[in-house]
Amino acid sequence: MTVLDTPAWRHRTDAAPLLPDPEPYRLLGTPDAARLDPALLRALYGQLVRGRRFNQQATALTKQGRLAVYPSSTGQEACEVAAALSLQPQDWLFPSYRDTLAVIARGVDPVAALTLLRGDWHTGYDPRAERVAPLSTPLATQLPHAVGLAHAARLSGDDVVALALVGDGGTSEGDFHEALNFAAVWRAPVVFLVQNNGFAISVPLAKQTAAPTFAHKAVGYGMPGRLVDGNDVAAVHEVLTEAVDRARGGAGPTLVEAVTYRIDAHTNADDATRYRDDSEVAAWREHDPITLLERELTDRGLLDDALRRSAADEAETTAAALRARMNADPALDPMELFAHVYAEPTQQLRQQEAQLRAELEAEQQS
Amino acid sequence: MTVLDTPAWRHRTDAAPLLPDPEPYRLLGTPDAARLDPALLRALYGQLVRGRRFNQQATALTKQGRLAVYPSSTGQEACEVAAALSLQPQDWLFPSYRDTLAVIARGVDPVAALTLLRGDWHTGYDPRAERVAPLSTPLATQLPHAVGLAHAARLSGDDVVALALVGDGGTSEGDFHEALNFAAVWRAPVVFLVQNNGFAISVPLAKQTAAPTFAHKAVGYGMPGRLVDGNDVAAVHEVLTEAVDRARGGAGPTLVEAVTYRIDAHTNADDATRYRDDSEVAAWREHDPITLLERELTDRGLLDDALRRSAADEAETTAAALRARMNADPALDPMELFAHVYAEPTQQLRQQEAQLRAELEAEQQS
Amino acid sequence: MTTATRAADRTQAPARKPATMAQALNQALRDSLSADPAVHVLGEDVGALGGVFRITDGLAREFGEERCTDTPLAEAGILGTAVGMAMYGLRPVVEMQFDAFAYPSFEQLVSHVARMRNRTRGALPLPITIRIPYGGGIGGVEHHSDSSEAYYAHTPGLHVVTPATVADAYGLLRAAIASNDPVVFLEPKRLYWSKADWSPQAPSEVEPIGRAVIRRAGRTATLVTYGPSLPVCLEAAEAAKEEGWDLGVVDLRSLVPFDEETVAAAVRGTGRAVVVHESAGFGGAGAEIAARITERCFHYLEAPVLRVAGFDIPYPPPMLERHHLPGVDRILDAVGRLQWEEG
Amino acid sequence: MTTATRAADRTQAPARKPATMAQALNQALRDSLSADPAVHVLGEDVGALGGVFRITDGLAREFGEERCTDTPLAEAGILGTAVGMAMYGLRPVVEMQFDAFAYPSFEQLVSHVARMRNRTRGALPLPITIRIPYGGGIGGVEHHSDSSEAYYAHTPGLHVVTPATVADAYGLLRAAIASNDPVVFLEPKRLYWSKADWSPQAPSEVEPIGRAVIRRAGRTATLVTYGPSLPVCLEAAEAAKEEGWDLGVVDLRSLVPFDEETVAAAVRGTGRAVVVHESAGFGGAGAEIAARITERCFHYLEAPVLRVAGFDIPYPPPMLERHHLPGVDRILDAVGRLQWEEG
């Protein structure tokens, strides 16, 4: 044995296959798009239109005081929708706080998905039943969860992949790094999708990273990195599906960067004019995910009135239902505050519970 | 303006120049070694021999109860010495807990450098006077400090570079990631040296990372990565000096991985037989940093008896002085416990101080 | 400086105008940046945006991006680089965007910021101010309303300060930035928009950190509080008049250093005390305050020191937070339980 | 289960042999891994090395590397992946190598581990045990001797447990791993090598988390303590006999849930109490204990509840730690200050 045989001398992976093509991958409008299944394109279209409408409706609900806050994903619907549709039923989605659309595209009841942002509770759905983790507000903290879950599933011999979403800003957190490293070392069946929308609230990309692309981070963990046009829903769907399949096949994690843009302000409470120019927004409106797909559908003669109408109708139905249901006050029981802190409340919690109960009773009597 | 012009679409850096050569860079024993300055080689040799002897002496002192613990860098002396010698006087060194050798090679009094490990105080030297940060025990936490200091120096218009040391295990911490990212975004004049010695205590490289090399992490931050044979003191010195010069010239940070090996156990308290095979240690003994340099010196006719003797003498002098000084009990004043918590002690600390003083007086009287 | 001399100084001060706490904090940063070139502000969105609460509004424009810097999104990195900047002689003022988003920097805070001076025998003090908007009552979703003061107050080497008035917001922040020790500066979010007639105190008027203040003298019982709970306590004291109670209110302003003398003197005067804060009660700052009052005032106490605090639960969702936060009724209820009939 | 029935059970238990706390903890892990395939151990160096304190010795060999896994060196990653594993239905037992090296995982702990059950209305409980060797007295260099229990005890949603005896080390660790709530399991480093005659309790003998125990009945005053300070308190109680004092000693065993009844009953019996722990006193667990005793026992108290704790300083270097740690003299001194003559 010489040092050249010891693991520290030269790690074994070959770097080249892990490096991304620095040109974002596109499908729509390219000759390759011809092979795309019309049924898939129609499904994606319906979801995009519904998603756009949902963002508008939710933003409107903030103005009416029906949502505490809403971080719109307008402009990023392709990523949201493709993320949800690249998964099998048994797989898990790990959304960040901006990913309500992905959550509902996966099938979670919209009102349940909005519970956090409405403010009646922190999570409105059963993550195990939906195989969707709670929307994560502390940035990047959901990434190690996804790794751990995927690892546990693999240890259990189950066919489960986890897909975790994070923003460009979130990549700067230590948890991003630790999660990717654990995933690669454990070859966990997990896919990371960075939605690079150019901003972390007001902070532009150049102040967030000096990397050629986020996809170039992958090689540093020993996993492949892919770069994709995040507004090309077919491309994102294909890249994610490939990565999910790879994970499912036991080949380990993938890091995908989708280049996209946040058309709206950070949330309804944000004033984007303080930090970005309208001309940039206008440029991105020209590269709208719905328009890109409509062009493709039109070119292939798939965008008939029926499709347009059914998409619009479904979007309106969703919006109307949302409006109606969100306009009702949720049924809330303050005593629930003590119900889920532990399996059994401590003696101190029981005392505090009694105190609140007494207060509420006194309130009712007065 | 189109999306292709917006920063999110394609980040601007070219990845290729940032990628390391996956073959560790070597100088000693290669034709290139011919250009090395004999004076430098002699200086490095003296430091290596002294460093090796220092490690032995310090380990011996743990057995005599004169050091609380000692993490030996035997086998890694080339990295330690080259790190110190690549810096200018005004530069700063940020050592981790294993880097006592680098600290003394930079000129810090050995007893002061060992204060932490002796246990009389946490740091024994004035970091500002020495331009050496305290030895950092929480892994990777010193890396953002180095970035902040380098950034501050640059903001102040000063010609100061910071060199920060970390182990292979330390690269897994979130602080490693955050530090490299800040450094690249700020183009801070800082150099990161990963001493990849194959183990984090008992955990071998393969359980720490799946990356081709640690140097491949650099591209993910947008800085160059270099891989070097960490036992080739001339190569490490050259690579670090280039990186330091680059930083000094305003070109920003560099990540250097030095491949080396920890010949001794993790510390005197560790039992390395539990997790590694002697044959691996034997292989690395064949690639010893002192032997490699001696061969080069011999080939070039530089290793005469005078050099051998002066190196050995200096090493013995250092060791003897260390022994003598460490065998004396340090003068300790328990009241100092309260002296440096704040600029001014709080009222509560003054009370506690009075309590301890009274106890000590009572102790003396009894 | 005594209250009397301060009042005197103020007569010479420029005319006061209505200002919010947010404005006073902004002014304190501006004046600190002007006064000392070593002061640097850094954090997420502190530049062009002026911070999500606009506390750094205009500073990047006025002092340049190098003095007021948008950092990458990484709190350990922010605090860790601030440590390095302070090692080099700068005075970083760090903004954490919300209470719960300071947690990623906990190791840097506890293992380095709090200890560097001590570790280096005084050679390397770290004059870092860590501004953290904290507490609830603003309808924030989870992780946006934590009260984390107890974690910091228990960490030797940190000063922990929290203003409750517009004037203190300015004065304490200037003092924090001028301090040669690290200061965790907790800004009560829901008081950002509270208003008072105010003009920036002159440097000579700025009080050092570590003095509690009697906001209201009282004879029947003493409320001891800080930060976001001060207005609630003052309201409770007002309402208590109806019950015939004359409640005193002490505003601690700084948890570390803790002004035992002022608190003990006030409680000795009444023999009864209630400590009020909104963080979880168990192991909260109120425990220390109550224990210390008892140690210092035992023979003056007519009743045990009681605590009114948030419940021992994760911070509630917006629609339920009013049930969690200590309000006037809960405070008065505690006062009523102070064993008036002799126990 | 009462002390009487436990004693009875024990007569049927296998013969006891001398064992260290480290061995009992190792056995508890082994028995938990055997009993439930969902249990997984993970952390730094827990595999081939068996942990730096050898608590996981032999487990990787016996149960395979997938049940006892060496992780990359990243504490937030360890705890964060454990969250995901628990979401999937496993029962991770995490080892943090030393107290101060748990701080990088603070955000995961406070913002996720402590809240996941509550956040999801009970749908996603997280049965995670976080083992943390803590405290000083072993000559460790900085960051190796922190007592961090107050941070955890103040965080709603966590249980915080710390054994002080060999039998409790086994029993409480088994109960922690069996618990459906996250448990911060604090192992007093300097008791790892403490010995007792012991054999593993049968499952029926394992007490649930949350009960304090009277280690020594006493009539003159009560020492309330936990973890590493228990032996010191027992020694002090022994030494106190010389002064004619009959001191009781309560071992809390769990800070959360906090067994108020046992503590209050003991203190009511003596009218005097001293709380002892080694973490910094200010804002330490002792503040809560003292405040709560006072609330519950005010009219039984002859003197204020006093605290003997570590000083409010960063943990000292090895050569000075003996001056910092509460010792017998300091405890007896506090007992002497309990206003025996009437204050």
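Per-chain residue numbering starts at 1, and chain names A, B, C and D are given in the order in which the chains are listed.
To be clear about the criterion, contacts are C-beta pairs under 8 Å (C-beta built on N, C-alpha and C of every residue); 3 or more make two chains touch, one makes a residue touch a chain.
Remember, it's a predicted structure, so these values are computed and weren't measured experimentally.
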Centroid comparison with subunit C (C-alpha atoms), farthest chain: B
Most extensive contact between chains (C-beta pair count): A-B
Cα-centroid distance, subunit B relative to subunit C, in whole angstrom: 40
Averaged-CA centre spacing for the pair subunit D and subunit C, given as whole angstrom: 32
Gap in Å, rounded to a whole number, between the CA centres of subunit C and subunit A: 36
Contacts with two or more other chains, residues of subunit A listed in rising order: 121-122, 138, 172-175, 177-178, 181, 185, 207-209, 336, 341, 346, 348
For subunit C, residues that touch 2 or more chains besides their own: 71-72, 74, 76-77, 100, 103-104, 107, 111, 115, 118-119, 142-143, 156-157, 256, 258, 282, 311-314
Touching residues (chain side subunit B, partner subunit C) in the complex: 121-123, 126-129, 133-134, 138, 141, 143-153, 155-156, 162, 174-175, 177-179, 181-182, 185, 336, 339-343, 346-348
Residue numbers on subunit A that touch subunit C, as the complex places them: 68-69, 116-122, 137-139, 169-170, 172-175, 200-203, 207-209, 271, 274-275, 330, 332, 334, 336-338, 341, 346, 348-349, 352, 356, 359-360
Residues of subunit D that touch subunit A when the two form their complex: 40, 66, 71-72, 74, 76-77, 79-90, 92, 104, 107-108, 111-112, 115-125, 156-157, 159, 179-181, 210, 256-258, 260-261
Subunit D-touching residues of subunit C, taken from the complex the two chains share: 76, 100, 103-104, 106-107, 110-111, 114-115, 118-119, 142-143, 150-151, 153-157, 256, 258, 279-280, 282-288, 290-292, 294-295, 298-299, 301, 303-307, 311-314, 339, 343
Residues on subunit D engaged by subunit B in the complex (per definition of touch): 44-45, 47-50, 52, 70-77, 100-101, 103-104, 139-144, 282, 311-314, 316-320, 323-324, 329-330
